[in-house]
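To start, the structure under review is shown below, and the notes come after it.
Letters are used for the chains, namely A, B, C and D, taken in the order the chains are written, and counting of residues starts over at 1 for each.
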Amino acid sequence: MRPFDQPVVEAGRVGGELPSSGSGGRLRAFAPLRRLTADTDLLLNGLCVLFAVGFIALAVRSAAMSGAFISTDSLFMTAVCLMLAGVFMVSPALMLWERGLLKMPSFAIPEGEALIDEGPIHFEGSMRLFLNVLGGLLVLTVIEVALAYFQVPLYIMLTILIGLSLIKAALIVAYFMHLRFERMSLVLTLIPILVVCICLLFIFFPDSTRSLNLRTTRAGAVATPEAR
Amino acid sequence: MAEAETIHDVIQPAAAHAHAPSVAAHHHGPPTGFIRKYIFSVDHKVIGIQYLLLAMAAVLVGMLLSVLMRMNLTWPGTAWPLLEILFPIGAKGGVMTPEFYLSLVTMHGTMMVFFVLTTAPQGGFGNYFLPIQIGAEDMAFPTLNMLSFWVTFVGFVALIAAAFVEGGGPTGGWTGYPTLSAIGGKLNVPGMGSAQNLWWNGQNLWIISIAIFCVASLLGALNFITTLLNMRTRGMSLMRMPLTCWSWFTTAILALLAFPVLLAAGVLLFLDRTADTSFFVPGGLSDGTRVLTEHNGGSPILWQHLFWFFGHPEVYIAILPGMGVTSHVLSTFARKPVFGYRAMVFAMFAIGLLGFFVWGHHMFLSGMSPYTGMAFSVLTLTIGVPSAIKTFNWIGTLWGGRIRFTTPMLFAIGFVSLFVAGGVTGIVLGQTSLDLSMHDTYFVLGHFHLVMGVAAIFGMFAGTYFWFPKMFGRMMSERLGKIHFWPTFIGVYAIFIPFHIMGIVGMPRRYASFEEYEFLRVLDPVVLFVTIAVIITVAAQFLFWYNFFWSIWKGEPAGDNPWEATTLEWSTSSPPPHDNFGGRVLTVYRGPYEFAVPGAPDDYVMQTTPDAAEENQSPLVQGGSEISGNGHNGHKH
Amino acid sequence: MGRALAVFIWVMTLATVWMFVDGRWWFPESITAHGPAYDRQFLISIIVVGLTFAAAQIGLGVMLWRYGSSRRGGNERAVYSHGSNRLEVVWTIVTAVIFVSLGLMGQRVWAQLHFNNAPAGSAQIRVTAQQFQWNFHYPGADNKFGRTDPAKIADASANFIGLDEDSPGAKDDVVVPTLAVQVDRPVELVLSARDVTHSIWVPELRFKQDLVPGLNISVHFTPVKTGKFELACAELCGQLHYKMKSYLLVLPENEYREMAALPPAQFKTRMTELLKKYPLGSVPH
Amino acid sequence: MSTEAHAVDQSTLAADWGGGTFPYHVGHKKLGMWLFIVSDAMTFSALLIGYSYVRASSDEWPAPFHFYPSVVFSTVMTLCLLASSFTMVMAVGASARRDKRAARRWIMLTMLGGLTFLVLHLYEWYHLIHDYGLKPFSLPAEWAREWPNAPPLFGACFFTITGLHMFHVLTGVIYLGWIAFKIRRVRHEDVEVSGLYWHFVDLVWMFVFPLIYLMSVYAE
């Protein structure tokens, strides 16, 4: 996908775009600077790639060094490193894209596809399909309830429950809410936004466990001097 | 330009529109009758002006509150007879009490952040100009739009009411940190309610007000996003939108995702106050005579997380529209395309995205895990990168321009200057170590007032002076505008730069008086200086109000395009007709900032001007024709 | 108009830089072990900030000075340019490197204070803040803290922290409104609040930490200069927030040891005397 | 500016981002509803995360729900919602076939599912408040004895989250009722949008049910 973009502009019509590297000639004002930077272009992007690789290495290190990787702190540090790596990858990726070395799938509608309400309404899925989905949801629910019945240990239960619930949510969103039959661009807009934002809320958890350990109402909350 | 290809291929072939979507939910004729026309209007232009007037009322209140605050800080204990008439309880005998000071602080913060910085640039200008700039005839959901405004208005009334209920205004600060805000009533903190007054107290009304505001904002936000995505006229690709539209778009996304979290937090805090739940209140607390046994198990840090998860994006909600307006105005009056349009868009999105990752920098010292703090710190400093890109590009836009120093341009330049001045100190505050001393001092106040307060307000001033001719069909007085600019620009620097050094010396914020502390004595002359600057600057603002209202009726008539600007709002009449373009459906042929195009007859080329090769192609398609595929064919029904 | 604005922006830039360089209004002298590192980091940051600020403002002024329309020929147009990708890349990378490295450098003092436990042999003092008063709880001669219980809090009988007099080790415990510590010896403060959030702050310490109700937050630092300093509350805690003041006394080793060994009543009297004895500010030793 | 660049333009000319069309190929109302759902999902996420936060920061948390009747009861409620989601999707399908009569019938069935859920849930509340003495601000004495270190937050979390969800179900039932009432005059898109809202309510329950009920099952 070319996010929020259209090649009409890309090609350098009178749109308010940056000149592509091939057509920088318009920039009379910056001629000396351009000469200076022409050679550094690759170098700088290379530098960016180096930074990105460095951050990925840091992320891997953070993942490898932490004894318990499934601590939110360590997850968070890894995520931050990966994000910084992503930030540094933007510029090289843009360069590749500009030079046509990096292709992204397009989401154009096929000609003549019917629009919203007029004409035959596009509605995919049959009763059979929806019954199958409903059946799937029911089976998952039964598994969840069975877990509760058989008294699985709390943390295993939590993990499985969250996993199953995510599957159920995905089924509902995909089939009942019909997102599976919408265009990919809508899916790629809505889902990542929600996933990112909800994952961000998970950053609260290091503090909840920290709060637990620092509670004043807990016996032995403070190590006394002689205990140390 | 010579090698320009024909543009009409850009437009979808007519065939694709044969089944044009007729979701004309926004279709409505011009209203008749005063109430439908001016009060409960569904016209985005009227709603935009309503938002602006609301913000102007709120900013007046907020500003006067700040003058009162400065007066109390500079001359503590002085009796101001006038005050006693207005606030017989808070200022008995005309002397401000410390709790009255705190309620001023809270009201000033809430009023400014919510009802000025969020309302005016987004609700006001965004509502008025977003549909026009993308060539739509209204917002996607006009009725929802009207509801958003009136719900906001109810929130405003609730906030004003909070100041006048028994017990006085809320005293928890605009961040409303528990446990003070949750159990303040039980600790006999004024303005926090008491056992006898569980419901109608300042703090509860404050929560109700912001909860209402949250609902209004998120409804408004989804309206903005839908309008912008679905209702752009033909040829208006995203990369041809004015930067103002980009800024409103980004802001709306932030609002859509941030406000619901505050809403949830507000509900929980409200329950803590009224239903004795303990989401934010831990156990083992005491008021000195008894243990508050009804509370146990909560955590004040949870509120801080939820609040700042909203609060940090909110900062960008306030400033991003200002950035958009500034880019727009700078380009128009430098008579030069925006430098690095695409980079500007990416930077704006990067700021919005990173804005969600950094809320923890408000909480370094709040008892949050220090490891988390470290990660937040690094991310915070990366926000400097897109901000720097924007600054460079603004200066780059001026480079080689032919700058016309009109009033909107002066304010836009002021925005750039103030944004830099306020933004750079973020580098200091974003570092965990340095925050050890700087947190909760006047250094922070200087930083955020410059960058999200005054810079954003300068963006609004630029917008007002720039768009006033379009909104009311008359020019604002340029002479008065320039007289307004100078004391304002000098004044805000005189106020907020000294704040930084006060912070370095160590002046804590939210203090009703500094008399207690010896180490602050050295700052006495600075405090006095700032207060005088505040009074002069605030006085100068009345010039603006005078100019605004005088010009509505007496201003010089403005033509359709007095500034020789390029975007779509300037291709309709001033003020625009009810459906914005008089039934025309515009076609956009180029980017938004085509100034100084070599070979063009004028030094500006409107977005709707077809290229010479296509003059014979009808540029403007009449509404109702078969190729009106922009969801605007409501008029043929 | 453009040139006037340019001149104003330059003058304002100069005035601002002067305010920071002049030194009349600056940090009080630092008295902790981590203070110099803090000051150095602050200085580096403020220089970077100052340079960025000045460069941007001066650049802005130059544009205004040079490109006003009235100063150019009648029909001359602005340069037609949409920008430059390379310049964008250059300044993105330059600012990213500067800001991120500054951010990483800025973690050092933080890590030193927060990622390590208090060093062995540090004096532990428990701090319980309340509206609008500080309570510092010393273990007394036996170096053992008595038990505290919120149920026993009674302001009327001056038991502000709910000290259980009958618990082991409580007999010689002292609760005073002033913080006294020994110079050159690490101090560990165990912070908590009994009603709302407060924040302990002594500018000279370059140190601040919120006291969160319901949590015991442990922090540590090492004072290296003796003297008396003002201690403030930095988090909004209610109507008398601005009056929630106390003092930090950094005492020489002999004075501190002598006082710490005293029984509660004398401990308090001695502290009052010491408070009177020291003037505000640090004392060379 | 080059010709091949222009050729690229043409390949995506009909593209959605160029204005004059719906880029996601969904109308205003549907896009608006999706955005509202995203926003509302954030509200519920914040509440559920808040609940998890206080639960994780407590030494102990009550697990008071006996498998029978509470879990069985809430399972039936879950089935109600799931079934109503299914009927709703059938309503949307019928509406797409322009079979308004069938659409109305399916919507009525959906409302029935929703109402059953509401009634069962209110009964559940009544049971907890009346028979156990659960309050938003305190635990029943019996539970407090069993889990002495537990904070009194169980009721607060339970009532806040299920209450807000119940409010959504109630709004949904009213909304669907209005659509069913006006079925002859509303567009297909309106039916579809009301369906989206209803499925979202169902989806939220898919997280509320395990996190609130199944994670609090009494250890026999």
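Just so we're on the same page, contacts are C-beta pairs under 8 Å (C-beta built on N, C-alpha and C of every residue); 3 or more make two chains touch, one makes a residue touch a chain.
Because the structure is predicted, anything quoted here is derived from the model rather than measured.
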{"item": "B-D against A-C, pair bridged by the larger set of C-beta contacts", "value": "B-D"}
{"item": "Inter-centroid spacing, chain C versus chain B (mean Cα positions, whole Å)", "value": "31"}
{"item": "Rounded Å distance between chain A and chain C, as computed from the means of their C-alpha atoms", "value": "38"}
{"item": "Whole-Å gap between the CA centroids of chain C and chain D", "value": "47"}
{"item": "Residues of chain C engaged with two or more neighbouring chains", "value": "79-85, 87-88, 92, 96, 100, 214-215, 217"}
{"item": "Overlap residues in chain A, where contacts from two or more other chains coincide", "value": "4-6, 8, 10, 13, 16-18, 29, 84, 87, 111, 115-117, 193, 197, 201, 204, 207-208, 211, 214-217"}
{"item": "Where chain B touches two or more other chains, by residue", "value": "5, 10, 16, 21, 23, 237-238, 240, 257, 261, 282-284, 296, 298-299, 301-302, 305, 309, 337-338, 340-341, 343, 367, 371, 378, 382, 385, 399-400, 597"}
{"item": "Pairs of chains, among all present, that meet the touch criterion", "value": "A-B, A-C, A-D, B-C, B-D"}
{"item": "Residues of chain A defined as touching chain D within the complex", "value": "4-8, 10-13, 22-23, 106-109, 111, 113, 115-117, 121-123, 125, 127, 130-131, 133-134, 137-138, 141, 144-145, 147-149, 151, 154, 157-158, 161-162, 164-165, 168-169, 172-173, 175-178, 182-183, 185-186, 189-190, 193-194, 197-198, 201-202, 204-205, 207-209, 211-212, 215, 218"}
{"item": "List of chain A residues in touch with chain B within their complex", "value": "4-6, 8-10, 13-18, 29, 73, 76-77, 80, 83-84, 87, 90, 111-112, 114-119, 193, 196-197, 200-201, 203-204, 206-208, 210-211, 214-217"}
{"item": "Complex contacts: residues of chain A adjacent to chain C", "value": "16-21, 24, 26-30, 33-34, 37-38, 40-41, 44-45, 47-48, 84, 87-88, 91, 98, 211, 214-217, 221-222, 224-226, 228"}
{"item": "Chain C partner contacts - residues on chain B that touch it in the complex", "value": "97-99, 102, 171-173, 177-180, 183-184, 187, 189-190, 281-289, 291, 298-301, 334-341, 343, 365-367, 370-371, 373-374, 377-378, 380-382, 384-385, 388-389, 391-393, 395-396, 398-405, 410, 413, 416-417, 420-421, 424-425, 427-428, 430-434, 436-437, 439-441, 482, 489-490, 493, 497-498, 500-502, 504-506, 508, 510-514, 516-519, 522-523, 526, 595-598, 603"}
{"item": "Chain B - residues contacting chain D, complex", "value": "3, 5, 9-13, 16-17, 21, 23, 25-26, 134-135, 140-141, 144, 218, 221-223, 225-226, 229-238, 240, 256-257, 259-261, 263-265, 267-268, 271, 275-279, 283, 294-299, 302, 305-306, 309, 588, 629-631"}
